[in-house]
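Common to both upcoming complexes is chain A, partnered first by chain B, then by chain C.
Here is the complex of A and B:
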């Protein structure tokens, strides 16, 4: 059964009305330009909004999983400790204009944080209270490879509402139930016509063909697993300087450190979690001095395997959305597409070449 | 919202016992402030918990007490880093936060009706203390076969749990062998590294499970001896240590391949370890 989607349109000049009237109960985050980069920040009108952006440098996961996040605050009183909350979990958020790749990363993070016996209630509650309004990518970058990792520049199933830039207006497609509810509540939106829909399909096709990378990732998980000790890892890690940019700008990376900050003289403090990365030796360093991933070879390998081997093994998903940030911002031009391709194309003879311990 | 997963439950230190001559290993007995928290803390030997000194941080420590010892929890802590040093600077009645229990623990159900060989080296004996106390408790002893404890230390001053060991020695349903690296005055136990001592004792592999905890070199040499004696990789269990933060499989760092030591371990059979990448 084909479900009726009830597409609407909104003219670009009406965006302010949308924010000021219809979304006023939400805290809206959108892409704005700052210091030459795109960042997702709180917006209340459309002035600074830049929806024809390529992508933000820092992924919008930071809206609900910020680089530094307070888990709780505490106060010491006499012999007692009193805990206080400090994280705005209940805030109703909208992330406006998120790209399909980044929206897909929310689905991956949700899967990870809810997996197993322990649920990360902090992340999941924030996710639950966040509506995603996505926008199709009319002009993907040359580092984009979403179509190689089950994505698409117009993939709309990770968002609540999907927008397509039709030059003078946006096509507005409600996707989820709450997306539909929200759109139904905005009485002044006009219905989309056949031409709008046709143009949207054309744009989607153009965007898809603009992506030049076409990686064959069939059985990549097994391939990487079988070549854990392959000498290729040495070659790949040789140029890496271990800066961690790839992980810090990755929309699917979720690892964090936990530290306490104490205000000693005022008998209070807080416990925070901070993004961390497997690219740093300190990440795995034992107090004894032993380090299970002391070499850069091991650390480079862990990042690739986590996304393309462990993620598929544990959750039956690829842990990468093809946004290309790690490629674009790597200071030594390490390219995850090239790395995967090299493993995929290893000959039987090359598979025999192992790292020397 | 206070994120439940990361909220420590509060306890008070009831007792601190110094365990070694160097005085850098102490056993802390902790009592929950709320009875409910105690009731919810259902654990088995081999699990661990995250201990907090608020303002200093949190670290994972194996549970040294056995669930057969009610009312309190015991943790044996070596002074090593920020949090463990803060623990050592604490006194009785001070507050310690705790999250847990975490990890899989020793497979006490699968170990039933088996002979158990408990092998420990140095201060890695804490969850083996828990296991031993659990196995010899009157409500459990009949469920298990012969129990052999082999425990090695550098010198007599490093031997942990002396009161418990004295009590264990008096039992006739437990064989205990203590060894130190070199002869020392007044020492009546065995002398030599753990591995050759295990060889000398030669526990039978028939219907047996061996648990091995200690420094890496001791584990490696002991495993070689156990294999020589006929133990299969499935019959040898290890408990791993890893740098951890969350303890619940979210912060990422304790992975070995696609396994997390905090939720899939810390106890792994040698067979499992042989199938895992060499990153521990």
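Here is the complex of A and C:
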């Protein structure tokens, strides 16, 4: 039995047709340039689309987990309180042109938001209604290290449909069932030929070998756990200025704060969820005034441990996708690759050196 | 113009020489300086405690962090000696604006000048990384260097030159104090370069164009400038003058300010922070250099500097004797902002 060839081809000039005809039932988000930064925003046409981007500044998690998200609004009328819940949950979305590292972050976020007894309905429903159309990463950056954290510039198993940029056209590979369904419904796509597939494999190999960083993360979870009190954390946090750049640009960071805003004069208000980060002292400040992570040493340590120790312990996954944004944009170049390497290379003697107090 | 590479090498040599001396003679416990970062356009602040680490210290035109940030009270607990209460003696690689920060922080009673030795350097300017990144766009930069009077940016299949003078940080373009200012009270603290500032001619021509705009246009500019802010607070955290234990924007019992990333909340944060820096900001430009989304706050900083100069004839970080204008009240203060404008 001959298996039906699934790979298709779309020419770059046909992207508008794709958006206008075939994806018109969806709200499509793609990488565009806004004030000098690549961000994922709503697109109608392919005009502004920057599919040859290196990677976006703001990770595409913001499409379904925005920095500011109104959970509900209310209005007081006489004796009545009228609630208005967030109503964009059911919207059918497509994130078009997401990089494999960022697509993998969706898998990690989903794991987090569905873990344990309390599922985050808001996130999960939006995730369920979002189709990911990924694109292979032909030119990884020098800060990229996806291959060290179980990723690959052409990893396609986190997306529904995977594209590969073959210069004048894209190779289109349906991955998930709903990806297959969507592609089957687009009758005007041509089948891919052998050369297209061959070129795609070549590009994947080139991309892989372009990644210069090769981190040894064997047993990193245990290593970090065993060295919770190591004095190295002092050295590592010394340079940190304590901003939230690493967390806010991280595709896997997911911490948030919930705040109530009341507009007394107009008898209305809202509950909002906003991004928060363990790098801010306020994040762990108790009402009592006690702060269990009062020092920068503790806060710096937490970020690394959450990704490389707690994530593996809790979900059997590494909580980092190797996109390199925290390296690229850290104001003081506190490079996570260097930090991990330092722990990996701790000698027995150095493992004895502990933090004072 | 002397070749930038040569200049940088000379400055690097001087930093290493003075640092070695200071450590060898145990005049300081620690040197805070700059080192090469892990990728092009990056720069890593370093803490040097041993003579054999001095080789890590460098100077180039990417040394954008104001190192005095590491001294203010938020961070000082990490550099204080562990058991004794005595402060560490610190050698600080100091371009003009870093030295000015030290002067200002001393006036604000945040640091003790007896603890600090300034390794003075005659700064030749900081490159506007964000602007270079914008010009290069979605192409990978593999190397950045300076040669003659140009910045050379290399990638896998391109090489582009940018005139150094034009691609400096906006505040570096108008900077008049390149090296630690020569003040009588500070003479003991400076090793290396310093600058006579007795004949300082400040002018604010660079912001005239902005000032001539209508209030609506200026408001539009501020709105547009801050659109992409993520409230990561890198600007605040890198700022040596943002040392409050609890920033106004973090006050949450009760909440003083909106915490969302919506534009009214973003503007409240930035403009109120700007007011808090009046008469204090020394125009080091670190806030603009570190912003991950490339927001350049120079214009706001300059405007404040101008107002303080005009109203109170005060230049922050250039004076160790004047009472800070924002810390005192004088009946003769120029307070015409409290009156209706005439005509």
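By definition in this document, the second predicted complex is superposed on the first by the 347 of 357 C-alpha atoms of A that agree within 3 Å, B and C clash if a C-alpha of one lies under 4 Å from a C-alpha of the other, contacts with A are read in each partner's own complex, and residues count from 1 in each chain.
In this section, a residue touches a chain if its C-beta (ideal position, glycine included) is under 8 Å from a C-beta of that chain, and two chains touch if they have at least 3 such contacts.
All values reported here derive from a predicted model rather than from experimental measurement.
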Chain C versus chain B on the shared chain A, clash or fit after superposition: fit
Contacts of A:269 with chain B and chain C, given as first, second, both or neither: first
Once both complexes are placed on the shared chain, angle at chain A toward chain B and chain C, C-alpha, multiple of 10 degrees: 90
Which superposed partner A:257 touches (first chain B, second chain C, both, neither): both
First (chain B), second (chain C), both or neither touched by A:143: second
First, second, both or neither for A:298, with chain B first and chain C second: first
Touching partner for A:89 - first (chain B), second (chain C), both, neither: first
First, second, both or neither for A:81, with chain B first and chain C second: first
Smallest separation of CA atoms, chain C relative to chain B, angstrom: 5
Chain B and chain C footprints on chain A, overlapping residues: 257, 259
Parts of chain B lying in touch with chain A, wherever the complex brings them together: 1-7, 10, 54-58, 80-81, 84, 93, 95, 97, 216, 241-243, 245-246, 248-253, 255-258, 263, 277, 279-280
Partner chain C, residues of chain A touching it in the complex: 34-39, 50, 52-54, 57-58, 67-68, 139, 141-143, 234, 237-239, 241-245, 247-249, 257, 259, 261, 272, 274-275, 280, 282, 295-297, 327-329, 331-335, 337-338, 356
In the complex, chain A residues that touch chain B: 71-72, 74, 76, 79, 81, 83, 85, 87, 89-90, 112-113, 115-122, 125, 228, 254-260, 262, 264, 269, 271, 273, 276, 278, 283-288, 290, 292-293, 298, 302, 305-306, 309-310, 313-314
Of all residues in chain C, those that touch chain A in their complex: 37-40, 42-47, 65, 69, 74-75, 77-79, 82, 130, 133-134, 138-140, 142, 156, 227-228, 230-234, 236-238, 250, 252, 255, 258-262, 289-290, 292-294
